Structures are given as structure tokens and as C-alpha cells.
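In the two complexes below, chain A is the common chain; its partner is chain B in one and chain C in the other.
For the complex of A and B:
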């Protein structure tokens, strides 16, 4: 028996072409969490992009909601082997948030209320592929799923889509985050099955 | 939606036996963050996650992370200053004549 019981069990490897290798389809939305669920008031919530030169760009909840909103419909893939197809979200594109941020950084470290971190190449937050999402399936994102707002980067394994996101630090050097310092892959492409270091 | 629950640190004993022969449930650990020292069995373990995350019951800092790949495992105990493990009484050798 393995030393880690997977969060959720289900059907074994699927042959469905719509799924990355090693994934099975779920209709549920499993809740995974590495700690207690932070409860963040919208009155005090803020999102901060910190550039490598120390400049900080801040948005309150009201300021975030006043930005242009997008409604991505995306497939999501969790490294614990479940995938959920056609999920609908609402949020603000990172392209919008990064517009006007003066940076030469190539890496990003997302950080969350509660202390979670995850790293991504900055390019993966651009090009209409990443959002700060606050609405899921037409309703405010529940705290269990990362509300008030979470990062949504669906082309990478879902641990990169940091729940309770509070900000992004732009960095000239790659700095591995919470799971990336404990054996998980630095990049995490589900279609290349990059689950663990060396995959 | 329900609040994410955690298990007590006794559940770490089985998984850790794959790595160590020590019975972790009888060991004491010191939290690197707040300094609280207590039974490893009292940790709060979050298992609905890509790995096991054991947190200090006092300050909720991460003390132990254990990730299991099919053929490898990673153990991160940077949040534990020390482990105190019960040992069999050391036999005292007789004084030389």
C-alpha cells in the first residue's frame, strides 16, 4: 500500500482522447487542501503584483471587479488524476493585470492567503491563458475552492492554480513553491504528464 | 460545502514505516515555527491533497510533508526542529577490573 492515500479514487487510466495521460473524468469538483481554509473578507482582500525592482501594483476587491471581466470555459486537470471538462469561470485576465507592470522577469511565484505558493514561468500567465477567477459556474467561488479568488491556469496541473491567491511576485530566478519543493514537477504540463521531478 | 477536515498524526505512523522503523506515534516533535513540543500523534494531517501535510496543532505551521510517487518518496521535515524518540535503555558495560 502506498504511503499517501490519494485524495480521491476513481476509474483507472482512461482511454478518452480528451483527457491527458493518466487522468480520469469526474463530474464532481473534488476539494483538495493542504491546510485549513482561509476566510478572507472582501473588505480587506487585495491582490498584489510585486515586480523584481520592488514596485508593487495593488488592487482592492472593488478595483478588481471594475476591470474588464472574462468568462473562460476550460478543462482542468488535477495531479491526483481527476479531470473536469468544460468548467465555466469568471475573472480578470493576467494580461489585464500585467498590462502596465514594468518587468523584465521571466518567472512568477504566486502566493496565497494561508501561505501556499506555486511557481510558473511568467510567459504562462500571459497570452489569454491565466486569470484571477472569482466566480465558478455562475456563483461566487466558494472558500473551499479558493474563494474569494483563485489563480486559474488550466493548461497546467491544477496545483498551479493557487487557491486564495493574494499576489504574484515577479522574479528573475525561478523559485519553487509549496509542492515543487516536495517532489512535484517544476512546470506541470498534464499533456506531458509532468507530475513529479524528472518526469 | 464542508470544511476540510484533518486526521490526527497517528495516521502518519503507517506511511512513515515505509521509510523508518521508528514508531512515529510515540515520538515527540518540536515545531520550528512556534517551539511547541508535543506528540507527533497530535499533528493535524491534511490528506486530501497531492501529498500528506502535517501541521502544528498550535500554530498551524507545516511541520511534515510527505509526497509519494509510484517509485519515489519525498520527506520534508524542515518544520520540525527535532524528533525525540523513545529508545531501549542503554546497557552499561561493567567497569574494567
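For the complex of A and C:
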């Protein structure tokens, strides 16, 4: 516990559900991005998994939509301290996408239209914990929230859920992504409050 | 994109104290904090501020540092400018309750992307919406502090003249800081003598008061989400490279 702030009581919290440390609840859906929002046409959209041996696995929008769809309901936690609970999405599990991919890699670097990147251990994309999501709250995902499709990895801080996702490179060595290079934590577990490097 | 200086050592919470406060507008105040172990920062970086209630409950928010650190008698001082969020949890405390000499925990500097480096000689355009001026003012102040001659242009969108944060200083710097141009856009009510009707920042404003794309300026846009989305789209439409436009958006924090 930190030093007590004289006269600070905070919001009533008897009804508050369990939140990761340092987070507060919001009903809104704030936007955090580093640059302009890219606009991606569904006609040319594609998602590519590149294995460490150079093999590429590609899906067009139609091919993605033809895969088995899941509707995860998850809590999301942004490193800027807001959390949003019980959000509903639709998308394709990374388990489905990785199913036929031959790889011995341990790391993944997600990359996006617009140039954003973020790194994760490949294991964190498996086990029913990660999706390529295209629908939020029953409607197509708006561009400012990462549409046409974004990565959804809700057990990590939300910057790992790359907006405008275009593909995933599988790697034998960990390579830091955009925010990870700019001082944010390599892994980003909200329950261990891994916000910044060294946390 | 490797803009940050990787500092692998943990950035620790430390106790700061309020030295003084300045009223900027009816809803915004600048807090001067004495932070004994402040390591220095780059213009545009922010600091996390954490409050703790007697039962251990904590609330933390991020605030942009408003200018270069200055040396006080008991260590470095930094400034943050806090905009009151209606029904907020942290900002009303910082504005109404937090008193001179009171302690508060801070952690920083944070953020390695929305920063300006004085070594970069590209012209700079800054587009602020409301309290989005704060990190951009940090860049304007840092430019002067290091004697940079990099040309800066600021477009500052506010509802009315009384919502202008740092109004006197911007007037002075617009006159005295050679190479700094300051333009305002009023969205609700324009002051007497201002040409035109109140409006949101549009193509004509950016064309008139920003840099043309062929100069390849570095652009920083900060404000509420809708503002940043609209301005960034305008700039891309004008031919500015997405990679030269850096944005910082704030949703409801409190």
C-alpha cells in the first residue's frame, strides 16, 4: 500500500467487481493509437501467418469468415488504467488459424496495416485465449477500434491486441514490437501489473 | 520506430509534494510537484499519479508533463495540468482537495513515442484539442529552453476563449519565440475580432496554419478521440505521410 492521500476516499467500491491492480472500470470504449487510423478495404484485406521457415499461410476476408466462428465474452484491460468488463466479440480462434501451421517457434510478432507491431509468446495465442476479431457488440468492428479485424488477446494488456491486424510472424527469437520498444513491458500481464519495462 | 531509450530498470513509484498550483481556466489547473528523484524527461512524456485511500484502495491516472523540469531548493520540480472530469475520481481530488505540501505518489517519465527530440530538424506542426495542448506545450517550452530554431506551428482548438489553457504564455511566446506560430480555432463561441464563425478544425485551418506536406513536417495531434480521428484523417487526406503523424488520444479518464 502506498502513502495515504489526505482526504482521498475514491469511488464507492462495495459493488466493484475484481479488477486487476491499478485499473478502474469504464463503460465507454476509449481509443488509444499512435497514429492515424488506417482504412483497409475488405476486397484486398488478408491475414498471413509466416512460419519461421518462410512458409506463409494466407486467408482472404471470405476465407476468414468461412472458418468456424467464436463469440468470446471477455474483460479487457488497457495499460492507461481503464478496464471494460464483459465485452462481446466475434472472430476466429488463433487455435483454428494455427492448426495446420508447421512451426517450432516460441514467439510471435503481430503486425498491422499502418505499420504497428506487438510481440507475444506463441503459447499466449493458443489454448482458446486469442482471436482474430471482426465484430464487436454485434456490429462490424469500427476502424478506430481496429476494424476490419484486430487481434484479441484479453488476458494481456490491450496494446497486445493489435488493431488492423494483417498477420503474425512466428519467430525463434523474441523481437520487441512498437510499444515494447518505446518502454512498455515485454509481456504485459495486467494481474501482475506489468505495464512498463522492468515491472 | 525505436524511439525510446530502453531503460530496463523498473520505474519506481516515488513520493512527490505539491509546491503550488495555478488556475489556468475555470476547469483546469496546473500543479507544480516537487519530485526529489525525478530523472528528467523528454517533451511529450507523461507521469502516472496514484492516490491511496485509508483502506488501501488506489486510483491512478496518467498526466502529460507540461514542460521541462526545473530545479527547486529541494530537488526537481515538474508541472502537470489537470482538466476537471465531471464525476471523475482523481481530477476533482487533485483540483479541489489536494493541498500545498500534501504528498502524492508519482511514477515516470513514461511513454517513448509521442515525444519531440530537439535534434530532429524537421518542421513541426502541433494540433491540440482542449486539454490536448498539455504535451504540445511541453514541446513548445522545450524548444525555447534549448534554443532550437526548428519552426513550429500550433493550431489550438478550443470551445471559447476562456477555455484556452496557458493563454497569456501562448500570447507572449507567439510574439517572442522566433519561429513559433500560434493559431486558434473556436468551436462554440469566437472572441470579438476573430474572423469567421465558430467551427471545428477543417481543411482550410490546416492548409492555412499548418505546413504543406512537401515540407515533410512532423505532426503531433492530441485531444479527445473524435478530434484526433478527424484531424489525422484530414492530414492524411492532404497528403501527409501517416508515419509522420503521431497521435495521442484521451477518452474519459477521471
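Brief remarks on what is shown
We take it that the second predicted complex is superposed on the first by the 182 of 199 C-alpha atoms of A that agree within 3 Å, B and C clash if a C-alpha of one lies under 4 Å from a C-alpha of the other, contacts with A are read in each partner's own complex, and residues count from 1 in each chain.
Simple rule for what comes next: a contact is a pair of C-beta atoms (placed from the backbone, for glycine too) under 8 Å apart; a residue touches a chain by one contact, two chains touch by 3 or more.
Since we're looking at a predicted model, the values are computed, not measured.
After overlaying the two complexes on the shared chain, residue contacts for A:179 are found with chain B and with chain C alike.
In the superposition on chain A, the chain among chain B and chain C reaching more residues of chain A is C. In the superposed model, A:71 lies in contact with neither chain B nor chain C.
In the superposition on chain A, contact is made by A:142 with chain B only, not with chain C.
In the superposed pair of complexes, A:159 makes contact with chain B only, with no contact to chain C. In the superposed pair of complexes, A:34 makes contact with chain B and with chain C alike.
Within the superposed three-chain model, A:80 lies in touch with chain B and with chain C [touch as defined at top]. Once chain A of one complex is fitted onto chain A of the other, the partner contacts of A:88 are absent, as it touches neither chain B nor chain C. After overlaying the two complexes on the shared chain, residue contacts for A:24 are found with chain C alone; chain B is out of touch. Applying the stated touch rule to the two superposed structures, the overlap between the chain B and chain C interfaces on chain A comprises residues 1-5, 7-8, 30-37, 80, 115, 144, 179, 181-183, 196. Contact residues of chain A toward chain B in the complex are 1-5, 7-8, 30-37, 79-80, 115, 142-145, 159, 179, 181-184, 195-196.
On the chain C side of its complex with chain A, the touching residues are 1-4, 6-11, 13, 15, 50-54, 56-62, 89, 93, 97-99, 102-105, 110-114, 225, 229, 232-233, 235-236, 242-243, 245-247, 249-254.
In the complex of the two chains, the chain A residues touching chain C come out as 1-11, 13, 21-22, 24, 26, 28-38, 80-82, 114-115, 117, 144, 178-179, 181-183, 196-199. For chain B in complex with chain A, the residues that touch the partner chain are 1-4, 14-16, 18-19, 46-53, 55, 60, 62, 65-70, 72-74, 76.
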